[in-house]
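Two complexes are shown next, each including chain A; its partner changes from chain B in the first to chain C in the second.
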Partner chain A sequence: MIYEKTIRVLYVDMKEQQVLIVEREDLKQYMGGVGVASKLLEETMRPELSPLDPAQPIVFAIGALSTIYPVITKAVAMFISPLTGELGETYAGGRLALSMFSSGFDAIVIVNKADKPTYLAISPNDVKFRDARPLWGSEKDNVGRIIRDEERQYAGKRSIIRIGRGGENQVSYACVSVDRYRHFGRMGLGAVFGSKHLKAISIVGSREIPIRDFGSYFKVYREIYETCTKSDVMAKYHDTGTPINVAPLNAAGALPTRNLQQGSFEHADKISGETFSQEYLVRKVACSGCPVGCIHIGQFRREFAAHGHEYETISVGYDYELIFALGSFLGIGDPKDILELIEDVELAGLDAMSTGVALGWATEALKTGLVSLDDTIVPLTFGSSQEYRAAVGYIANGVNAFYKNLGLGVKHASKVYGGEDFAMQVAGNEMAGYHTGYGSLIGAMVGARHSHLCNGGYSLDQGLPIGKDVNPDDMAEALLKEELERCMLNSLTICLFSRKVYDRQTILAAFAGIGQEMTDDDLTAVARRIYAVKLRIKKRMGFDLQDIRLPKRFFETPSMHGQLDEAVAHEILMKYREKIAALDTATAGETE
Partner chain B sequence: MAKVLKTGDMAKCIGCFSCVLICAAVNKKSHSLQKSCIKIRTYGGIAGKFVETVCHACHDPACAEACPANALLLRKGGGVLVDANKCIGCRRCVSACIVSAVDFDEDLKLPIICHHCGVCARYCPHDCLSLEDV
Partner chain C sequence: MTITVETGSWAARWLDQRVILLTDMPADATAADAILAAGIPQDEAGVIVRNGTLIPKDHRLSHGDVIKIHPIIIGG
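Presenting the complex of A and B:
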């Protein structure tokens, strides 16, 4: 806890229905967030068992400055990913961080499998293992509603996180939804919930946390609040939101289209952020503690009867990554079709990015005859959304062998049916929406969780002048520098959209505001310590950068920096591998 | 001129909780949500409408009427001010308020009631709240 010398961990055993609270001083050296979560994962993981074995842990953590300053709104979840078979890490906003902060738990570790479907209700002075049998098989919205009614005295303070059918059926890229519009999207946390019979967690707290030195704290708070709301640092996230990226990425030839057969989409203007804002945006929502409010809600109506003008109205959260994965990547150029598909993926409880990329591969696999209509059931065709809508349900429910395999990830499916050259994944994780160049591609390979957010490689590409040759050593160094910096930022659990607000000077001021004197060197040391833990976890899971095989298409379809050269990519990768081999990962200054 | 808090533009609310957090911080020197005089919640989860619960600045307030110790002093412009020395912690004010705008501080054993300072309005990024002359 802030102001305290310890990290407070709640250990939960789903099988025995027992909990244990441990105050740990030794975890303070990892600051919070991803630092504490990595260490707890390292301690509790079982490398010898499969990712979905009940003994594997789920770890949640909030950061060292969670929710007491603006936009520090994320919680991190770590686990062994059923998708990649190694380090799983994912972040979500919503109200979870604030609720965990109020509960007084900095971290929660969940192990084992309940005898029957269960939801956890964490409230002041209690942790209940509640019957979730009636909720098993229910869509996530219903689950939220029922739990809200059950725990109704906590309105406005509670967070509810839950899985859908995809998680229950252990689809490798099933997500966990947080408070309706946010997600622990990537790497299959939903499947790990399913493997524990854990349908949902409701958490609320009432812990009193007095401010020690109001003057110092409020001065820093005010400055950060002003930067977030009055300067233009955060404006793009609130205004059009992340979909603002559709147009420039398309113009640069970096918008993955039709399973990355193309880097630009002829209908990009129809699915641009501007079009969504003008035609479909009805509302914006914020995570608790964020005055920016980047969550964009689009709305459309759907006729549900052939006659009589019968309509339902559907509200859906949309973002750039969803528009890429369920739009351009599938050749869909109608915003309404995209919103409808997002809603289906949401209800099924799947990760939108992995689902879109998996369906992109499946479409080409059908076209090239690797699989047949008997497998896909519907004729998956780029640009035709109704078949994709059906397929989303088929994946979530695992209706036949083909969809069961597709539900294990595109890497797995292409190994079974062929088509690995156009199965667009990196180390088992389906690609993100940036075909920007080496930064993006190698960034995803070397990133601890194989995400574009590990080191922001796409941003390095965007900063590189077009036509300029990349220097492999410089690129590897820049990726490593940013990977380390984000280990530190994610130990605070800031929303990465605010990374320009939270420069090092601001972070040190924020710590000083709560009476914690830190130095720039301290932040560097924390970053190294955390990265060392992550690298150890990956090594114990048998991961080695040189084992990654990329699909050929990354090198065939030109990126925004033209066609990428496999030899150059390999050189950057090997440079990075040398650099991390030189890091002290055995201890990195850690103490017992 | 006396001022009171108005909440006329809640349709613009994004649910950021800045008002709640800043009220607790400034008025109660606390990071805890439950110390705030203003509460934000939703009808029907996050997908529903955001609504506020805060003092309506009554001119003839039921909370003060219910107080047996004269601890709630009528405030110019509407609402009340809590006299901590007089409060006996009976919580009659809590149940008297039909809009549930009076909470109880379990640590200090005192009611939590908005005194219309307007800090929540100053930190509302969407101008849902305002401090107005009456």
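Presenting the complex of A and C:
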């Protein structure tokens, strides 16, 4: 992408086994990343068909500054989400962005379904459709190992992304594993892979692009690098990592516990970031091109045979969201149990957050008699990690009608069995681990993909004074401002952990360092353009903010800012709706 | 007045000890003043608790108060 006048798109038809490479000058106005991916999704989506219809596209894209500067490590995937039935968007680090960059493809669009399980082997001059029947049913580590071996004739920087049983069985919140420790986690991309008989993608390349004015570039690079490695801004991500959140959220009463029956957990100390670091952390790793290294790897020992003292050591990545979803949310207070559950969810190929939240609802549904032991097979009770481990497998394999329904998301399951008031989802997406206030709740409602990452609402809550009333218009304005800004940041595919490193001034300097003169107004215009495309996609899928129904529990369990009021939440929502209605979404300055 | 500030391992980048006794705080000191006096960067201090209750940074402290400072909530 750097120095090019076009975006290079690889189109792949799984059924016909055909590919097409198109150089698109018109896509440059969307910068890259989420901008380009949104536009490609808008062009190829089929709103009249179900999300898992093979004709629906999967779009991948890297950003305008991918791999050029530190911490610009992400690739975006966009699709129609089987979980929410509308715009699907998810990000992953690892080596994928570097491999796409090295292969020479800025974006990839995949449509239709292969006749048999297939994996794609993409290299700069070739796309192979390989028979994946022997891999169907295999878990991610085996698949990665086998594909790496099979494709070794293509040298270069390689990334392998693949699905597990959850994706094969089209569980609505199945994930796609990226390399060893990263994921396209949320919104069910794994199920969309499954619907296309697409088991995995290997992408490799060795393209290198010399920097034209190395002196100017390196000056900017060094400054960013120094901020990342020597200041306080990123140190906390490397140090304890996001698990550091357990303690403050718990103290604030914002740590969702036992299906959000509580906002604090009596065993929070045992599952805190500090405890994980002291007792389970064995190393930290990084996405390619990141000098921070925030990926915390925990290790535990497990007996694998009943006799003879046979043990294995298991390493898994952990972060705050996993600890919340598979820990406090399920009443589990033993870090080893959480690590074991993380491992099971990984191998099943599911999104950990949705899985934990779904199991939280199932636990209460069983307790309140909405479902029976015949449905759940095992007696799910808060804290019962072994039962939850079994249930993860039942979801991934869809072993009975109950688990099939649970695999379609907690919104769907609660419609079938009841318990919608404690099915903790927002617009179909299972909640994130922040019961901080209106910012996080309304932020998830209005966020284009209903994620806490759309607008960082939890962060807005944190900045609000405790005990003061929220101003609905200010809150709606702040959420919209941040949503727009993140459209721009994600068109660059910056890791959002580093968003304080990449303020506007730094972004403009980064562009200037590679000879691209951009202005602050240009960045604002790109943000608006991208958001307009996203809003159009959502509208075409029939989405309207006023149709969202929230579970009552959000308003019953006090948040960090006390008990939330439904009327205030509604007012913020309507303010936001007015604000986006006033945006020019028809063109937003787009050119043909 | 005297204020006790409790932190955790997250503050080890700036502090040698987890508990800091501030013996010379002005009578109108706020939680933010105590954070500053303890040597924690204001941006890094998030949730503040006094006697089990959350308090804002501009909360006026009283002699003998013990406050627990948690780090800011981080993420994407």
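The definition used in the following text is that the second predicted complex is superposed on the first by the 585 of 592 C-alpha atoms of A that agree within 3 Å, B and C clash if a C-alpha of one lies under 4 Å from a C-alpha of the other, contacts with A are read in each partner's own complex, and residues count from 1 in each chain.
Rule of thumb we're sticking to: contacts are C-beta pairs under 8 Å (C-beta built on N, C-alpha and C of every residue); 3 or more make two chains touch, one makes a residue touch a chain.
Keep in mind that this is a model prediction, so the values were computed, not measured.
After superposition on chain A, the partners chain B and chain C are seen to fit next to each other with no clash. When the two complexes are overlaid, the chain among chain B and chain C that reaches more residues of chain A is B. The superposition-derived angle at chain A (between chain B and chain C) is 90°, Cα centres, a multiple of 10. Shared-chain residue A:K157: touches chain B; no touch with chain C. In the superposed model, A:S440 makes contact with neither chain B nor chain C. Once chain A of one complex is fitted onto chain A of the other, the partner contacts of A:Q170 are absent, as it touches neither chain B nor chain C. Of the two partner chains, chain C is the only one that A:Q462 touches; chain B does not reach it.
Contacts of A:Y181 after superposition: chain B is touched, whereas chain C is not reached.
By the touch criterion stated above, A:L98 is placed in contact with chain B alone, chain C being left untouched.
After overlaying the two complexes on the shared chain, residue contacts for A:T67 are found with chain B alone; chain C is out of touch. In the composite built from the two structures, the nearest CA pair linking chain B and chain C is 17 Å apart. The touching residues of chain B, when paired with chain A in their complex, are 14-18, 21-22, 25-26, 29-35, 39-42, 44-47, 107, 123, 125-126. Taken together, the chain A residues at the contact with chain B in this complex read 2, 67-68, 70, 94-95, 98, 101-102, 141, 144-145, 148, 155-157, 160, 179-181, 206-211, 214, 217-218, 221, 225, 229, 284-293, 295, 315. Of all residues in chain C, only 8-10, 13, 41, 43-44, 46-47, 49, 54-56, 58, 68, 70-76 touch chain A in the complex they form.
Chain contact summary for the complex, chain A toward chain C: residues 232, 235-237, 239-240, 242, 244-245, 247-249, 251-253, 273-274, 277, 320, 434, 436, 452-453, 456, 458-459, 462, 465-467, 495-497, 499, 560.
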